[in-house]
Amino acid sequence: MSKVFVRFKRTQPATAAILHAQKMATQLSVITASRKAPRLLKLRPEDLIRHQTVTKAWSLFQAEERAEQEAQLRNQYQSTLDAVELLQKISPRLYKSVTTPDNNITVFPRGGLRTPTEYPPTIVWRYQIKPN
Amino acid sequence: MIRSGIRTMASVASKENTKVINSGLILSRIPIVTPDLTEFEKKYYNYQSELEKRLMWTFPYYFYFRKGTLAERRFLKAQKYPVSKQPGVWYPKGIPDIRQNRERRSKQDVILPKEQEDINESLEKISRPVVPNPRTTKADETGDLTSLERKLSRTLYLLLKNKTGEWEFPTFQLKEDDALLHLNAETGLRTLGGKNINTWTVSKTPVAAYENNNGSDITFFIKSHILGGKFDLQENDTYSNFAWLTKDEVKNHIKTDYFNKVDCLLSKV
Amino acid sequence: MIFELIKNNSKNLPSWRQGNSAVFTQIRSSTKKAAGSRTSMKDSAGRRLGPKKYEGQNVKIGEIIMRQRGTKFYPGENVGIGKDHTIYAKEPGVVRYYLDPFHPKRKFIGVSLSRDIRLPTPHFEPTVRRFGHLLVSKKKNPKLYKEVSEFLPRKTELAKDDILKGLQQREENRTNLRNIFKTFLQEEIKLDSIKNDEDLELCLDYLIRLRLCLKNGIPLSESQFNASYYLETLQKLQNRRLKQSSEELTQQQEKLNQLTKLINQSISFDNNFNIVKFLSQSDKNQLRSKLIENLKALKSESKYKEIQQIFDKSKSTEGEVPVSSYLTKSEEVSLRNKYLYAVTNEIVNPTLEQLKELQKKNSSNKKNKKVKNKTGDILIKRYNYETHHVENVIRQRPSL
Amino acid sequence: MFNRSFSLSSKSYLPGVWSNFNSVRSTSLSIPFKPTKDYILNKTAGSKPPSLKKLSNKIKYQSPEGLDEIFKLSYNYLENNAKKIYDKLESTSDLKTRENLLIQAEINNPEVQYNFQYSNKLENNPNLIDYEQPIYRYLGKKHWESYSQMLLMQRLETLHVIPDTMPTLDPKAEVNVRFPFSTGLNLWIEPGDTLSSNTTSMEPSIKIQEYDLIDTTKQLYTILIVNPDNVDIENDSYYTSLNYALTNIKLSYNDNIVDARKFTNLKQNLLVDYQPPVPEKNAGQQRFSTWVFRQKDIMNNENILSKYANKFKSNFNIRKFAEYNNLEAIGAHVWRSEWDSNVANVRNIYGMPQGRVFTRERF
């Protein structure tokens, strides 16, 4: 019986599959939480109290800010109300013009108001406006 | 309010001519940069960010830098590596606990590799380093009150100095019979400060009323923002000077009762 | 039609299948079979559910009141519920079906102990309960009496021997302690006012109790009160039991007070709860400061053998107050760590000669194994955080 | 001024209200251990917490970064708020509002919080937790309500102590019980524990912690221990007995453990001697519930004894007793007892007759 050699396309050895699986396992282990999470932060009683103090102060500070803001809004509303009521007494014509809705005026400006950023733009203010 | 107005119209009609009505304008320039942080806020944010760094998961650099690339090599080179653990060695600060190049007991500092810094490079070059503009401007240094570029982090209000030497918000008398408050204010502003100004009046409703001269003279304030252009004081009979001022400066410039009226309308920021 | 379809399709089949076109799979159409199948034969016999006792009927303990699937009725007062939700009586009485305002969506079955008690019973009133057990008379039924009174649950029965053994052991320990205290009282303190054995026994009782309290972490003054009050109460109870007069009691208690006062003034316990002569707090403070000075002096002269002797109780000399009697346990440990075991010197990156010397020292020290881990020089590798290198260090500690 | 400002008046209020100790602010509002106090208030860079004892642990420990700087500002801010409250306090005379203001002024004080959170609340040391101070009473009450009070109420309800003894309880004072004299042990018992007859062979010592604002110089207390589970063989039921009764007991916020030392006048204080639990065999568990009452006025024990003495043992009605004497229930506790082999011994010591024996089964 004569042997005939045949050329085949070279295939991967059987161990390649195992290597592939190993690679997958390594990649998965890299992204698992347990490998990325830091150790628990354990504070001593003294530091925990200091932390609590800071947190408390911050929350109180925030509450104070909020209260101030709300009070200002309330005052603004009251001020507007007072002004309009006074106008009603003095000049009914102006009062009517003020209280009838007018869509043109409430439209937000075309260029818009610029949102504040952390650093100013290179051109801080545009001094020339385009004539309409 | 409208309904009640109609009801009382007849009864007050006779009084209409006895008082002089002015329309005042609170013209503001809104902040250009974010508000300045107080010392407390700054330190609190610093503390929180330090805590976050300590508690954050290890930075997955392999997600951002492909293996074997130049960028990865540059990034890895920039990092500071923690003390590694060796068997049989005494570590006075505790045995290192290292996973993925990070000491798990302390914070991780991710250091970005520094780009080549050359500020003089031309603006066209896209890869030039980002250098932010300063938050203080020339106007701050010179103390120019008329500049719109001063105090970028605060809201500025336009104040005018009248011939008697008193500072006030721009005030214009309603002369025509059919004049409207906000329109009067807007036209008044343009006759005073030139045409080169772009403003946006938020509403035609007055936000406050101020009675002076024993109540014979009433000013209704209209709120408006300056969007572009500039206020350039023209030759006129009533006002001699102008200034863009923050709330605390406004308080120092105007009368107390006048300020109390507009106190709640001015922004703290 | 299906047949045709298969035939037509078979044209597309490979040649080796085309010839056998007669082979096709069987297809079932959806028709009901004429005969019955397993699915229809699942009906079981009725489960005989429903009430077995009605409202107002009398029941005895354990009688079933209701059989049900799920809790159509909930068990109310004096009834129980089985694993198949059967409701049964737990007390003899009258069956009641009722609603409870605390659970508005539920129906309840209860047993009321007598016909005139309505259910549910008022929420804030004491519950009406039946005792149910029968008295076993010693005279009438001695056999049952013996059986019942001697019965112990299995677990208790099994643990009994161990418990008794433990009791005996503790009793033994206590007698040993008593003996130690007795000799101490008689030989070291020689109190004059303890004249008779009765007084001595009382003192010993007091001391045993005092030591127990101290050992359990009760503060000294509290312990002293506890011990004397314990004995006082026992005396009072004995007085009552023997029906003695109240004068006798006051006499006894005065005696007790005298003795406890005397003992409190002449005896204290050291930090291992051994009996020692009395030391006041100021004495203790004085002794402590003296000791610390002494230790400092000895350490500066590196006389570690002497320091060890101070802390070693067995080697302490006659007449000297032992350390344990005036230092607390933690103080003693911290002082020992500070003056006896602390590192005196460090040699970083030692030379070869120094290493050889260390080896020689350690080989000679090997015999004394007990103190070895805390004394004697050691060589370790230590990480240096400034240079980022591991360095060899010889840490020198007093060798004994 | 109008700019977002963080008002800091550490300059104007040196050394600050929280470091002033006077008639209003007792020293118990500060940490007595100086190193700890220094560490918390004026930590310098590199210093380590004094609660760490070993040097090696001190080297290992790192406190969070940035905490030192922000803490100082936070402390000053909170202290400033407290200052405002103390200013308000000067102009108020109403006791309730004063109490509330004092609580508000101290609740954010880190020293107070440290003292309270890290010391024993039950065996309290008045240098650390001084219940005379409204703030500690407030914190103590919150702590009690967070667990112990709920546990007590659960045990009272599931064991049917309410309504078998008193109809219900609105708990106001924390009651704790232990038996130091019989055992020499220093253990507080949990409500509902089953105790051996040996443990309960001598009277308990009872700690009554008041959290409300009361006049401690005048307030008197009554303590009753009742057992609603005595066998009533004639009626095939149970009856209640009074096992221990103390009246006219005076307590203070800190010195509030009731034992023989609290008796100023034996006749006025001790109404009924302690009867230890001696359950009979097969008669089931017995619930011994301790009830603490506030008195409206002084009780006359001789009167009560002449009227009720015969009922204390045979059939005691605690509801009627409380109603008759104007008593307000403020706290309770319960333990359970069961027959054990030591009961005979306890009966012997107390000179009681031998216990009866019942069948194991119920009929």
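By letter and in written order, the chains are A, B, C and D; residue numbering begins at 1 in each of them.
Criterion: contacts are C-beta pairs under 8 Å (C-beta built on N, C-alpha and C of every residue); 3 or more make two chains touch, one makes a residue touch a chain.
None of these values were measured; they are calculated from a predicted model.
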Inset, instruction - Please flag the chain sitting at the greatest distance from subunit A, going by CA centroids. - result: C
Inset, instruction - Report, in whole Å, the distance between the mean C-alpha point of subunit B and the mean C-alpha point of subunit C. - result: 66
Legend entry - Between subunit A and subunit B, centroid-to-centroid distance (C-alpha), Å: 18
Inset, instruction - Quick one: report the Å distance separating subunit C from subunit D, using the average Cα coordinate of each chain. - result: 23
Legend entry - Separation of subunit A from subunit D, taking each centre as the mean of its C-alpha atoms, in whole Å: 49
Legend entry - Set of subunit D residues in contact with two or more other chains: 4, 6, 64, 67, 70, 73-74, 77
Legend entry - Shared interface positions of subunit B, touching two or more other chains: 35, 40, 44, 47, 51, 54, 92-93, 268
Legend entry - Contacts with 2+ other chains: residues of subunit A: 41, 54, 58, 61
Legend entry - Chain-level touch network, classified as line, ring, star, complete or other: other
Legend entry - Chain pairs that touch, as defined at the top of this document: A-B, A-D, B-C, B-D, C-D
Legend entry - Contact set on subunit D toward subunit B in their complex: 1-6, 8, 56, 59-60, 62, 64-67, 69-70, 73-74, 77
Legend entry - In the complex, subunit C residues that touch subunit B: 380-383, 385, 388, 390
Inset, instruction - Give every residue of subunit D touching subunit A within the complex, in rising order. - result: 4, 6, 36, 39-40, 43, 49-52, 61, 63-64, 67, 70-71, 73-75, 77-78, 81, 108, 110, 113-114, 117-118
Inset, instruction - Please name which positions on subunit C make contact with subunit D in the complex. - result: 61, 123-136, 138, 145, 148-149, 151-152, 209, 212-213, 216-218, 222, 225-226, 229-230, 233-234, 237, 240-241
Legend entry - Partner subunit D, residues of subunit B touching it in the complex: 35-36, 38-41, 43-44, 46-47, 49-51, 54, 92-94, 106-107, 154, 246-248, 251, 266, 268-269
